[in-house]
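Here the chain labels run A, B, C, D, E and F in written order, and each chain numbers its own residues starting at 1.
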Amino acid sequence: MRPSGRAPDQLREVKFTCGYTKHAEGSVLVEFGETRVLCTASVENRVPRFLKGKGEGWVTAEYGMLPRSTHTRMGREASQGKQGGRTQEIQRLIGRSLRAAIDLSALGERTITIDCDVLQADGGTRTASITGGFVALSIAVHKLLKQKKITKNPVHGQIASISVGIYKGIPVLDLDYMEDSNAETDMNIVMNDASAFIEVQGTAEGHAFRQDELNAMLDLAKSGIVNLLSKQTEALETHR
Amino acid sequence: MRPSGRAPDQLREVKFTCGYTKHAEGSVLVEFGETRVLCTASVENRVPRFLKGKGEGWVTAEYGMLPRSTHTRMGREASQGKQGGRTQEIQRLIGRSLRAAIDLSALGERTITIDCDVLQADGGTRTASITGGFVALSIAVHKLLKQKKITKNPVHGQIASISVGIYKGIPVLDLDYMEDSNAETDMNIVMNDASAFIEVQGTAEGHAFRQDELNAMLDLAKSGIVNLLSKQTEALETHR
Amino acid sequence: MRPSGRAPDQLREVKFTCGYTKHAEGSVLVEFGETRVLCTASVENRVPRFLKGKGEGWVTAEYGMLPRSTHTRMGREASQGKQGGRTQEIQRLIGRSLRAAIDLSALGERTITIDCDVLQADGGTRTASITGGFVALSIAVHKLLKQKKITKNPVHGQIASISVGIYKGIPVLDLDYMEDSNAETDMNIVMNDASAFIEVQGTAEGHAFRQDELNAMLDLAKSGIVNLLSKQTEALETHR
Amino acid sequence: MRPSGRAPDQLREVKFTCGYTKHAEGSVLVEFGETRVLCTASVENRVPRFLKGKGEGWVTAEYGMLPRSTHTRMGREASQGKQGGRTQEIQRLIGRSLRAAIDLSALGERTITIDCDVLQADGGTRTASITGGFVALSIAVHKLLKQKKITKNPVHGQIASISVGIYKGIPVLDLDYMEDSNAETDMNIVMNDASAFIEVQGTAEGHAFRQDELNAMLDLAKSGIVNLLSKQTEALETHR
Amino acid sequence: MRPSGRAPDQLREVKFTCGYTKHAEGSVLVEFGETRVLCTASVENRVPRFLKGKGEGWVTAEYGMLPRSTHTRMGREASQGKQGGRTQEIQRLIGRSLRAAIDLSALGERTITIDCDVLQADGGTRTASITGGFVALSIAVHKLLKQKKITKNPVHGQIASISVGIYKGIPVLDLDYMEDSNAETDMNIVMNDASAFIEVQGTAEGHAFRQDELNAMLDLAKSGIVNLLSKQTEALETHR
Amino acid sequence: MRPSGRAPDQLREVKFTCGYTKHAEGSVLVEFGETRVLCTASVENRVPRFLKGKGEGWVTAEYGMLPRSTHTRMGREASQGKQGGRTQEIQRLIGRSLRAAIDLSALGERTITIDCDVLQADGGTRTASITGGFVALSIAVHKLLKQKKITKNPVHGQIASISVGIYKGIPVLDLDYMEDSNAETDMNIVMNDASAFIEVQGTAEGHAFRQDELNAMLDLAKSGIVNLLSKQTEALETHR
C-alpha cells in the first residue's frame, strides 16, 4: 500500500491556476497534490550571446525553492552566493525539455524565461515544474500571437513530465515525498503528445533495476503523461 | 486624486491567509492590495555564534523577490551570486523591527528565521513583510508555547508597519507602485501597540520635506498602524 | 552627564583638512572628534548603463572601514569576498543624500564617485562621511568649473548630516562610540541649507520612542546641521 | 556509416594505464579512443558532516576539463570562480554511480574522492570517467585491504558506463565527438556486473525517441558494458 | 637626471608617525616621499588552524590601496568580490618578510596581523609597507612585553625594504612612480640588520639585466637599507 | 649528499613530449624528473580590453595543479570558488617571463594563452611551467607562420627557468620536493639565451642569505639554464 492510499498507477490531484500572478506574460500555479510550484514565463527582446544576429529565439528556465518550502529550512541560495548542483541540474532539465516543443526560429529574437519557484515541496517538484512550465510558456506565446508580435505559433508539440519509481518492490506513478525518500529506484520521464520520449532519467537508489522493471515504469509513465496532457489542454482552454 | 481612487488616509485592502504553507512553524500570505508576500517562521535549535552559551535566542529575517514578481523580470539573486544592497537593507530592517517585540531570553537558545518572499509586488513590500512577519512569528511562538517547549511568551508587544509619502503635494497613506514611483517623499514607519516608534525611515525623492510635512505623514502612519494592529489580532484569533 | 563631558546639544570638534591626498579631483579628511574619514571625489567620463546617452551625469558613493579603524580588528571585506549589509546600506545612503544637492543634467555625462574610507572610528562615521563627502564633491565640481569642462554649477544646495539619540533618557547631539553603543534610540539626519530634511533614519534600540522624543531629537539635529553647514562653507572658502 | 568507420555496436579502443601518477592511493589514465581522462582516488580519514560519528565512509567525485582539452579553449572554472552546471551534473553522476558498488559501512570513517580530469576530450568523457573511476577506486580499496586498514572488501559490485545514441537514424554505441555533436538522441548508461541499471539518462536532441529506439539503445549499451567490465578486470589483475 | 632631481643613491624623505591611529596595538603612518601607507598591528588570541595546539604564534599581513590612492580611480576590491593577484602577491611578501624577524614560539598562541593600507601611492608601496610594518609590529610586541603577556622578546632581528632599478640606463635607489613606470628593470629587496637578504625580487621590464647590473643594484639597496634601519630605530626610540 | 644522489650542479632528467594533446595549437608534456606539467598554447583572435585597437597581441598564462598531483589531496580551486594567492603569483610570473621573449606587435591582434597544468608535482613546477611554456608557445607561433597568418616571427629570444637553493648549507641546482621543503633558501631564476636575467626571485626560508651565497646560486642557475635552452632547441627541432 502507498502511504497516501493511492493505487500504483494513480496520479495525485493535479491543478493548474492560470494567471496566478499578474506581471508575467504567462503564469500558473501548478499543484501535484501538496507540491505547489509557481511557474511564470517572461518574454524579453534579447537573446543570449551565442544566438545574436541569427534571427532565432531562446527558451530557458530557472528553478528555486523557497527556504521553507521543505520540511526543514534550507539555506537561501542567494545568501549562500551560489546555486547548488541540484538546482542547476533541474533548471537545465526544464529548459531542455521545453525547448523540445518550440520552433526557435518562429519565436524571433526573443528569450522566454520560465521561472519555477517551489512554494511547497512534497516530491516531484521537477516534474511539476516542467508540466506547469509548458502551460506558462503556452500562455505567453499565445499572448505574442494575439498581439501579432509573431505570426506563426512556435509551439509545435505538447510536453509533460511525471516521476515513476519502485517503492517497496512495486512500480508506482507520481511519487510523493514519503515515497520518494524511500524509493529503491526513481525515474523522471518527459514525453510529448506523440508518445515519444524527450528525457528519461533513472537512478537506482540502493537496488539496481532490471529491464523488466524499467519497462513497467515506462508504461506507468506513459499513462500518467496522457492524463497530464489532457489536464494541460483543459486548463489552457479554460484560461482563454 | 490617487490613481487607485483611495482617500489620502485609506489603506489598501489588507488580508492575512494564515497557514498558507504547511511545513513552517508559522506561515501567512499577507496581501496589501496587489502586493502579496509569503511570510514563514522557521524555528531551529541553534543560535548565531555571538550568542552561543548565553541562554538567549535570536530572531532574524531574510527577504527575496521572485524574479517575475515585478513589472519586468529581475535577475535571480541566487544566480547572480549575491544579494543586492536593497535586499540586505530590507532584511536587516525586518529583523530589527521584529526583535523589538521579542524577549530573547524567554525564547531560549533558538533561532526563529522569518522568510519574506514577494510573490507579487505593487509597492510596500517591506511594510507588508514586517506586518506579515509579525503574524508568522506569533503563530510559531504560539506553537512553542503549546508544545511546552517554552513557558513564558517571548512576544511582549505587537509590531506593524506602513508606508506614507507625499504624492502630488499631498500626504498619503500606504503607497502603491504607481504612487511610490512618483512620490516626492517616501517614508516607512514601524510602530508598536503602545503608539511608539520602532523605525522611522524617510527619504526625500526630488523635494526635501519640511517639519510640518513630516508631522502630517507621521499622523497618517499612526492611524494606519492602528488599523493594521487590529487586523493582525483578528487574523491570529481566527487562526487559533 | 555625557561620557565626554559635552553638553547635550554640543557637537564634537569638527575639522576639515582639504586636499589631504593629491590624486583625487577633490579630497578632504573630515574629523568629528576622534572619528576620522578620508573622503575623495573622483571624476570619470562614463555613466552607468541606465544613463547612457541621456546627457546626464551620476553621483555615487562607496564606503569602507580600514580593518583596524575599530576597537577590535574587523575582517577585510575584500578578503571576505563581499561587502556586508551595513556597508551597502551606508554607501547607498551617502550617494542618495549627495544626489539631493546635485543637478545631474548640469554635470554632463560624468560620474563622480565619493569614496569614504574610515581611518579611525569613534561613532558617527556615516554622518561624517556625508558631511565630508559634500566637501570633497564641491571641490571636484569647482575644479570642473575652473577647467571650463562644465559651465553651470551642478551643486544647487548644501548638505550635511548629524546623529542624534536618547542616551540615559536625555536627547543628545552627535553621539560618540561610547554613547552610541548604549543609546536607547539612534537617529541619523541629513538636511540641506533650506532647513529641510533629505533623510530621517531613526531606530529604537531597546526602547521605542514617542513623538515628543522624536521632536526633541529633530530640534537638536537642526541646530547641529546649521553649525556643520557653516564649517563646511568656511573650509571650502579657505581651500579656494 | 560512422565517421570513424566503426560498426554500430563497436567500442573505440579502450585502454587503462594503472598507476599513471604516483601520489594518489589509486590512479589510472583511461582512454576511450582519443578521449583521455586521468582518474585518481584519494583516501582521507574524514567524512562529510552528515556522516560524522556514524561509522560509515563516503565516496564522492569531482570532475574537471583542462582548458584546452577541447577544440576551442574553455575558460578555467577556477578563474571564473565557480563550477558550471554541466560540471556539477557530471560529478554528481560519477559519485552516485560509484557509491552503488560500495558498502559504505565496510569502508569505515573514510572519504574516497575520485578526481576525473579530462586531458583530452573527444566525446564520452563522463562514461570514461565512471569506468576509469571504478578502476582507481578499486586500486585504492585494494591498498587499504593490503595495509589491513580495513578487513572486509567494501567493493561489492563492478560498475561501468557507456554512451549510446541515434546517429543518422541508426542506434550506435560509444559516440565520439563528431557523432555526439550531431546525434538525434544521446544516452548515458551505467550498469553493474549483474546486468542491472544504475543510471539511465537519455536526452532527445532534435527528435523525440520511441520505445523501440530506446530498447535498441539499451541492448547496445548492455553489450558494450560487458566488454568494458572485462577490460577493467584485466587491467586490475595486470596491475596487481 | 632623475625626475625628482635626486642623486642615484638618494632615498626620498622617509618619515614615521608612530601612534597615527589609536585602536591598534601598534600603528604608524610611513611616508616614502609622497607614498603614504598606514600600517597597523593587531594582536589576537587565536592562531590559524595549522598551528592550533603547537604553542606557536603567527604573523601575517594584509594589503590594500584606497580606491583613489592612485592617479586614476581603481575599483574597490571589496565591491569586486576578490583581491587581485597583485594584492595577494604583495601581502604574502610582507608577511613572509616580517616572519623572518620573529621567533614564533616566543610569541605564544597569538596572531599579529599587519594591515598596510595605502592612502597615497607614488611608487614603492610594498617596500614602504614592509619597512613601516616592521615598526608597527615592534610597537605591538613592545606593548605585549610591557603588559607582561610575553616574557621573551620574539623580535630577533630588524627588517627593512627598498626598491632599486635601472632608469635610463642608470641604477637608482627608491624609485618613485614616474621612474617606476619607465624603469627597464625593477627590484624589491628585503634585508635584515645583519646585511643579509630576506627577499630578492627582480623583474626585467623591456630589457633583461646582466650580472654586473644586478650587482650595482644590490649595492645601492644595501646602502638604502642601512639608512632605513637607522630611521626605524630612531622612530621607535622616540615613540617609547 | 642530495636525497636523489645528484651532484649539486646536476639537473634532474628533463624531457619534452611535444604534441602531447591534439586540440591546442601548441602542446608539450614537460618533465623535470617526477614533476610533470602539461603546457598548451591556445591562439585566439581577441585581445584584452586595454589593447583593443592597438594592433598588438598578448601572451598570458594560467596555472593549475590537479587535486592529487601532490602528496595529500588539495581542494580543487574551481570548487573553492577562487584561485589562491600562490596560483596567481605563479601564473603572473609565467606570463611576464614569456612576454619577455615576444614582440607583441609582430603577433597582431591575437592572444596566446599558455595553460600549465601540473599532473604530478615533485618540486619546481613553476620553473618547469616556464620552460615548457616556451616550447608550447614556440610550436603555436610556428604554426601561425606556416599558415601565413603572421609574416614576421614574434619570438625574438629563448626563455628557460630553473630553481636553485641552499640545502644543508650547500648551493644546489633544480631542487626536488624533498630538498625544496627543507631548503634554507629557495630561488627561481628566469634567463634568456643572451645569459641575461628576466626574473630573479629569492626567498630566505629560515636563514637569510649573504651576497656570496647569492652569487654561487646565480652561477649554478646559469649553467642549468644553458642546458635547458639546448634541450628546448632539440625538442623543437625534432618536433618540426
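The rule is simple: a residue touches a chain if its C-beta (ideal position, glycine included) is under 8 Å from a C-beta of that chain, and two chains touch if they have at least 3 such contacts.
Source: prediction; values computed, not measured.
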Chains touching both chain A and chain B: none
Reaching chain D from chain B through chains that touch each other, fewest steps: 2
Any chain in contact with chain B as well as chain E: C
Whole-Å gap separating chain E and chain F, where each centre is the average of the chain's CA atoms: 28
Chain centre separation in whole Å, for chain F relative to chain B (CA means): 59
Chain centre separation (chain C, chain F; CA means) in Å: 51
Numbers and ranges of chain B residues touching at least 2 other chains: 81-82
Overall pattern in which the protein chains touch one another (line/ring/star/complete/other): ring
Complete ring sequence of chains beginning with chain A, oriented so that chain D follows: A, D, F, E, C, B
Sites on chain B touched by chain C in the complex: 82, 84-86, 88-89, 91-92, 96, 100, 187, 191-192, 194-204, 208-211, 214, 218
Interfacial residue positions of chain D with respect to chain F in the complex: 21-24, 27, 34, 36, 38, 40, 42, 44, 62, 64, 66-73, 76-79, 81-83, 87, 113, 115, 117, 119-121
